[in-house]
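Notes for the one structure printed next.
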Amino acid sequence: MEIRYDSPRYPSKQPPMRIRVLVFARLRELLDGGERSLRLPEGASVEDAWDALVAEFPAIAQERRCTRVARNGRLGSFDDGLNDGDELALLPPVGGG
Amino acid sequence: MFSITTESIEPRALEEIVRTGDGGVVTFLGVVRDEADGRRVSGLSYEAFEPMAVREFEAIAREARDRFGDVRIAIVHRIGELSAGEISVAVLASAAHRGTAFDACRYAIDELKRRAPIWKKERYADGGSEWRAGGA
Amino acid sequence: MFSITTESIEPRALEEIVRTGDGGVVTFLGVVRDEADGRRVSGLSYEAFEPMAVREFEAIAREARDRFGDVRIAIVHRIGELSAGEISVAVLASAAHRGTAFDACRYAIDELKRRAPIWKKERYADGGSEWRAGGA
Amino acid sequence: MEIRYDSPRYPSKQPPMRIRVLVFARLRELLDGGERSLRLPEGASVEDAWDALVAEFPAIAQERRCTRVARNGRLGSFDDGLNDGDELALLPPVGGG
């Protein structure tokens, strides 16, 4: 599945970035699948990616508070900017062991 | 040896990291319990963000060496469907002296539970299921 | 399971005491080192006052339960001739939660070394041998 | 082997006690064997048993300071009295594990 999202803040004059989104556990269930591709305008942040997902899956909105993000396998923050081709993992509270 | 596996865990396999000169080997096995908070658990499923989980295992082992000294660590976590009595995780720490091995093993499992990107869903005998965070 | 054995120790055999509902199993293995205080060790021999040693193991396990709560403990110590890399002692502690199992396992091996009537003679590669007290 | 020991303090008017002595590790080597039988006069103590052994094996004298004793499998002291048939274990500093 691919969601195309044109942020009002970032009118899509440039070719959009493609972001690979991985979600796990509860978020995977709410998004009905573990992996998807997002198209976001150049300059979009992790926050923008999240908002794009919330637009399609409103049920995840309340998960925001306890979700951590990893960009290309490294922990990051919702403020981080994204680059074309980034892998963005959305991590609910962990509980291994 | 740092890995995520869908196969049943054989604890003795972790002993391959033990080196001549190591006098103390401490192993932690996490075993699936049949109850949680008073509810009967009929099964568990684990999932992991595998490449990041393995890197986190490696980072935890490095930190343990920085804190406690020369110690070899192996961490294997199982994912998929597990039932009560099965091993979900094995951590082995091997060092010249036992204090180092105990400290490193405990540090590794505590940190793994706290921060490794692994998730556990409990299925209850009375129906229902729940993602459990903050590994107790 | 508390015993002194002349056979090689199979750590997994100690797992028979793990009970349904136990979520954390901590095992300590003591392994014969190939050096001691900078001298190369070519072999070890252990001897025990067996009935008293077994009673001491039982007493240590009772104390661990008094201190740390509900926990099952197994202790097996080997005697006779051992060479580097062989397991001299195995202690397993199994409890609902891992903190109890770690504390009990460490208490048991510390106390075993401190007071169980077991003796170790090191034989050195450069000749000579020595009875070693106060298990390091 | 059996050592008969008539203490000057306890002239042997009564039939002597028979004590089974177990020794381990360094003491076993010094006594050239792990088990022996001692005959001691009625009323003898662990200390008397030790002295009887020292009389035959002077090399053990210096081990006294760090030797612990167990009577019938229980830790005791050198002051303890002995009874006929007792098992007396002499324990050098332990070092298992």
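By written order: A, B, C and D. Residues from 1 in each chain.
One rule holds for everything that comes next: a residue touches a chain if its C-beta (ideal position, glycine included) is under 8 Å from a C-beta of that chain, and two chains touch if they have at least 3 such contacts.
Being a predicted model, the structure only gives us computed values, none of them experimental.
Considered apart from chain B, the assembly falls into separate touching groups, namely A | C, D. Here the spacing of chain C and chain D, counted between their Cα centres, is 29 Å.
Taking each chain's centre as the average of its CA atoms, chain A and chain C sit 51 Å apart.
In whole angstrom, the spacing between the mean C-alpha positions of chain A and chain D is 79. Contacts with at least two other chains are made by residues 30, 109 of chain B. Shared contact sites, meaning residues of chain D that touch two or more other chains, are absent.
Chains that are in contact with each other form these pairs: A-B, B-C, C-D. Across the interface of their complex, chain C is touched by residues 22, 24-26, 28, 66, 70, 73, 89, 91-97 of chain D. Those residues of chain C that touch chain D in the complex are listed here as 30, 46-49, 51-53, 55, 77, 88-89, 109, 112-121, 131-135. The touching residues of chain C, when paired with chain B in their complex, are 11-12, 18, 20-35, 84-85, 96-98, 101-102, 105-106, 109, 136.
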